[in-house]
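Notes to accompany the following structure.
So that you can tell them apart, the chains are marked A, B, C and D in the order they are listed, and the count of residues begins at 1 in each.
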Amino acid sequence: MKKRLNIGLIGYRFMGKAHSNALRTIPMFFDLPVEPVLKVICGLKDDVAAAAQMYGWQRYVHDWNEVVADPEIDIVAIASPGYTHAKIAVAAAANGKHIFCEKPLGMSSDEAGVMYEAARKNKVKHMVNFNYRRIPAVLLARKLVQDGRLGRIYHFKASYQQDWAADPAVPYLWRFDQRLAGAGSVADKGSHIIDLARFLVGEMIAVAGMSDIFIKERASLGNAQLKEEVTTDDAALFVARFANGALGTFQTSRIATGYKNALQFEIGGSKGCLRFNLERLNELEAYFADEESSTQGFRRILVTGPEHEYMDRWWPPGHIIGWEHAFSHQYYEFIKAIVEDYLPQPNFYDGLINQQVIEAVERAAQEKTWVTI
Amino acid sequence: MKKRLNIGLIGYRFMGKAHSNALRTIPMFFDLPVEPVLKVICGLKDDVAAAAQMYGWQRYVHDWNEVVADPEIDIVAIASPGYTHAKIAVAAAANGKHIFCEKPLGMSSDEAGVMYEAARKNKVKHMVNFNYRRIPAVLLARKLVQDGRLGRIYHFKASYQQDWAADPAVPYLWRFDQRLAGAGSVADKGSHIIDLARFLVGEMIAVAGMSDIFIKERASLGNAQLKEEVTTDDAALFVARFANGALGTFQTSRIATGYKNALQFEIGGSKGCLRFNLERLNELEAYFADEESSTQGFRRILVTGPEHEYMDRWWPPGHIIGWEHAFSHQYYEFIKAIVEDYLPQPNFYDGLINQQVIEAVERAAQEKTWVTI
Amino acid sequence: MKKRLNIGLIGYRFMGKAHSNALRTIPMFFDLPVEPVLKVICGLKDDVAAAAQMYGWQRYVHDWNEVVADPEIDIVAIASPGYTHAKIAVAAAANGKHIFCEKPLGMSSDEAGVMYEAARKNKVKHMVNFNYRRIPAVLLARKLVQDGRLGRIYHFKASYQQDWAADPAVPYLWRFDQRLAGAGSVADKGSHIIDLARFLVGEMIAVAGMSDIFIKERASLGNAQLKEEVTTDDAALFVARFANGALGTFQTSRIATGYKNALQFEIGGSKGCLRFNLERLNELEAYFADEESSTQGFRRILVTGPEHEYMDRWWPPGHIIGWEHAFSHQYYEFIKAIVEDYLPQPNFYDGLINQQVIEAVERAAQEKTWVTI
Amino acid sequence: MKKRLNIGLIGYRFMGKAHSNALRTIPMFFDLPVEPVLKVICGLKDDVAAAAQMYGWQRYVHDWNEVVADPEIDIVAIASPGYTHAKIAVAAAANGKHIFCEKPLGMSSDEAGVMYEAARKNKVKHMVNFNYRRIPAVLLARKLVQDGRLGRIYHFKASYQQDWAADPAVPYLWRFDQRLAGAGSVADKGSHIIDLARFLVGEMIAVAGMSDIFIKERASLGNAQLKEEVTTDDAALFVARFANGALGTFQTSRIATGYKNALQFEIGGSKGCLRFNLERLNELEAYFADEESSTQGFRRILVTGPEHEYMDRWWPPGHIIGWEHAFSHQYYEFIKAIVEDYLPQPNFYDGLINQQVIEAVERAAQEKTWVTI
């Protein structure tokens, strides 16, 4: 019988569901040398009990301290609100737990730094869940960049657009409150595209940009007469210089009418260009300038064949996978790293750098200046 | 504790994996009043043991007779090769098991008729897994047709194209052998688009068409010098008249270079038009002629919002689901029908009619004539 | 000073305008060894005078006999209704005029045969204006087929869909009258896609299919109470076998809601696949199976570079051309053939064969049988 | 007989050809109350003689002073290199000629200001050829914005990407020389998207950004051993704040591999979103949030119907027009303004403001700061 890795998951709503699903799925599709066990799930409210049953956790608790202190637990997975990440992670690390943490890593680069330091000092494995790195089409993009198929990189463009807040009639939610949400679109959405920029092109050295709160107040959820002030940004734009000389441009928005979950990027180089859209995550568009000129054009690669990363584990070519399996792949990589004893990527270091970039963007927007990272 | 429904699954390869995954997934996403239990999986070869463990079945057997005879079993799921369907289903029905069967239902309409009769006589619930009926975008298409948004239906066009056999160098497989495969693309691929035609537009009354074996012989898998004769069609084309007057055109191909799993259809009516492609199964394209003329156009509907069938169970808008979840939805419907005691659709009757259409097409192609159904 | 070729054009509405525009345009973009002179335009009604002035013709007449008899005239261009083609062409040929004739060539294959014979006997140059052969993207498709880039051709699919008659409320027009229009969508739209099938794949040897009049009567234009009977088909479907073994499927429709001028075709072979849509006529989609597998995909070739046929005469890459320039290219080819003294393509022979195919389709639909061509 | 407007055109290469074609085309498609006469074309080199003949000009000269001084001439059209615009325009205005001038208007905002002042003082009609304002799809976009279909505008994104300089092996051209070209992509390409931003959204009040010369030196055209220094930018990125509060982001590039002439923009508001791509200039993509939610999606509007601006003059719906007809429409508007005696748009004022924005961007890039306009 396989060795077991016991998981304790903090958080049980959207993200908790996505984590649970990944953990349930991977044993069926990936040859894991160990068996992940859904030991305990943690949530403040009573309905964590129902979640525990539905998602298949052996038990539930209301206090995360019980999870990080539990000697049975090997992995602490953090899918709770951002302001809780640091204290949980630091405690988990102190107890020698491996940590799989949602993004953004902390509420600030300072917090992220503390978390990174704690994980490192305690020699636990750590991962920050920039899940989009694990989409096969994104991995193909990275491979093509690294193989030199694009030549020298000139351009990187990325946007992450949603429209759930576009209508001024959308009522006030916790996400509109700086104290609870930490930040608006630039952190929530921006952290993903900043991570992909780093993954695909490399480090950024300077940024400039702006952000805005277009809808300055919104009706209170219970009381339409009462207006509450919005303190997190609705949208942001920034430009960046990469260390390798490439020019980057970024947009984040939660008021981009027509876009539901549209993380898009484009990488242009001297020999080729790639385009990706999360709403069609099984596809990558590619152009190669070194082919016969009369038939050059952007091609739609359906990234579902066995030659593509992870896809031999799923279904035959042309059978697409869903959004949730970036989580499956991420957990697979984390568990593999634990078993084979190496530090996986993206880890807390990536979470830290990510937050430094976000803060640079925020400062650049606030001070209307270029900020060196 | 929830009442349990014990499942016995015959077949453990591609389809068996898809069935297992659906059964494991639905309890987490759908509020089932019962708990499906992966009791026993059945396969002839030894590696069914590994499959049982990986997919989470409690035990495995090599003889399907044990499954259908097992008093513990409530549902027999048939995902084994086509020639085994009839005998398994008839035996299962005789034992009062509910039956979930892969398509095509039998090897012929005669077989399908016997299966339908057996299920009906024994008053068990039965379903044939035309899974594509359960894709949210397909359900939206059906709703729009039934709501009259397209007006009177004039046109139905469908194709199911793959390219795994396009290269004459692809070696001989069992699918090229009429005795083992039953039929070629017209049955394997055609059954799906015939079912969607019936689901979306209604019954067909007459067909004409042709099919062909383009690559007449292929090298034996073990011995490239040895050529084996291909006896199943590579591709077929047929046209059909629907009972409601609409004109239909159909194409099936396993030699359609560039297409991996491209089931496509288009429905055109006096007031609108819809287009679907399985390789982008989270989308439906729609055109409505009753809108303001200067802004009419085909729109891409991202069918991921909570207003779309099943999608409130999965992820937020814009987070796409994968191919496998048509199976999840199908099993959910089957279990609901058992619990609430009604006959679900598509059932063995649909499987029977489907096969009658396939046979009409085959005869039309062979005799070079129109065939009335 | 350049030698002149004097043109006489019969017809002055939509087609007459398109012919005039092509003749005015080509001297500016193509190095013609002769100067085409817009000598005389012919129309029955008085407003031909205004057309003559607007389009730049030196004079106008009401009787086509004057045109074909005019010793000044070198080329007779026929853009008048179909039932007038044969008598004009035969008279023009008898007078030694070169003939550029709209499609379909005649009202029947008999008429077309007479026209072909007349042109041949009188040794004049003749062309039938299947203009879509002269679209650069179509020429690229042909080149790729002929260069073997698709390998052996398995599939040809074509449709020509418009929607101007989709609404039953569209009043009665001459196009709905068999006696005036000759035929419905199968001839009007079908002739184009049949010609492209021959141009791209080769001759067809047998057809089967059906056509229908969905809206059997329509309100009289002046009197909504009065219903008039529609006697030309709204839509048709047919399948064909090519001499080279390929399978073909064709659709024509004037009731295809959402489509304005959507001539589409797809050619599939053992090594590649091509797709074209007239509404995006500067593009060709292509898939090549002989490339590196992980980056295969349908590419959109923007056919605007100097390496593409005719495009060095127009604008820089990426600057698209409009529908009308297929006419420009066709006239350029016709004039070149006259100057260099060879028979251009497509000529009356192509017009004749085209009509034979249409008649075979019509008979197949009527008699519900396969018809050998 | 119609009154005549005599045109004198300075410049005879790409732009001269485009101007000539527009002037030849409009009398055939637009009911002009006057007849534009291609009187004289001017070019320094001998081959202007061939151009004059091919494009249909009555005569040619080598010195533009002759054109602006010619009492016969009503309109001076300036399609010569940028550094010649100001002196020609000022002289033409002094002589009471109406002026149609290519963009950018001058070499600097100072020059543009002088030109604007000269035209205004002399009460001539003036137009700067931001031709893309006259594309029917762009006009539809503007109409939808002005009709409030997008609600409050939040986002404007635009890029103008070409790839002719992407390969470092492209030899040195005059466009790489600051002294001859004035500026690089930011002026050449940027002026177009800045104009569209103003046309569609309104004035900008502040900008920040960066530009770069990626390929710092290139081989001399005649002598591959000799390297010449590139002094104009290859690409630029900038962000802008609009007076109405919208956020704008802009990219220009001549090294964007895969893009031939891809001017793209996107306008997002509280109620809708529009997308445009010049490589598909007959289309506009639109999303409207005020429609029934289950069928919302980006639609492709084929902007070819008679309800769309100018399109009733061309061909039936679905018959696309080419790039060149934005020029036709622009000249039509210019002549109409002369005849009806009003100041058309875009005029030299637009040219002036455009150049002020470009200079602000250049300064922002150079000084790494935000610049208020």
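Here is the rule we go by: contacts are C-beta pairs under 8 Å (C-beta built on N, C-alpha and C of every residue); 3 or more make two chains touch, one makes a residue touch a chain.
From a predicted model like this one, the values you see are computed outputs, not experimental measurements.
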Where subunit A and subunit B overlap in contact partners, by chain label: C, D
Taking each chain's centre as the mean of its C-alpha atoms, give the chain farthest from subunit C. A
Of B-C and B-D, the pair with more C-beta contacts is B-C
Averaged over CA atoms, how far is the centre of subunit B from the centre of subunit D? Could you give it in whole Å? 54
Taking each chain's centre as the mean position of its Cα atoms, how many Å separate subunit C from subunit D? 35
Taking each chain's mean CA coordinate, subunit B and subunit C are separated, in whole Å, by 41
Quick check: what residues of subunit A touch more than one other chain, meaning two or more? 259, 287, 296, 298, 302, 305
Testing understanding: with touching defined as stated, what is the shape of the graph linking the protein chains, line, ring, star, complete or other? complete
Quick one: which bits of subunit C touch subunit A in the complex? Just the residue numbers, please. 140, 144, 285-288, 293-302, 305, 307-308
Residues of subunit B touching subunit A in their complex? 14, 17-18, 20-21, 24-25, 27-28, 54-56, 162, 164, 259-262, 278-282, 302, 304-305, 314-325
In the complex with subunit A, residue positions of subunit D that touch it: 150-152, 154-155, 157, 163, 166-168, 208-210, 212, 214, 234-235, 237-239, 241, 245, 247-249, 251, 253, 255-259, 268-273, 287, 289, 296, 298, 368-370
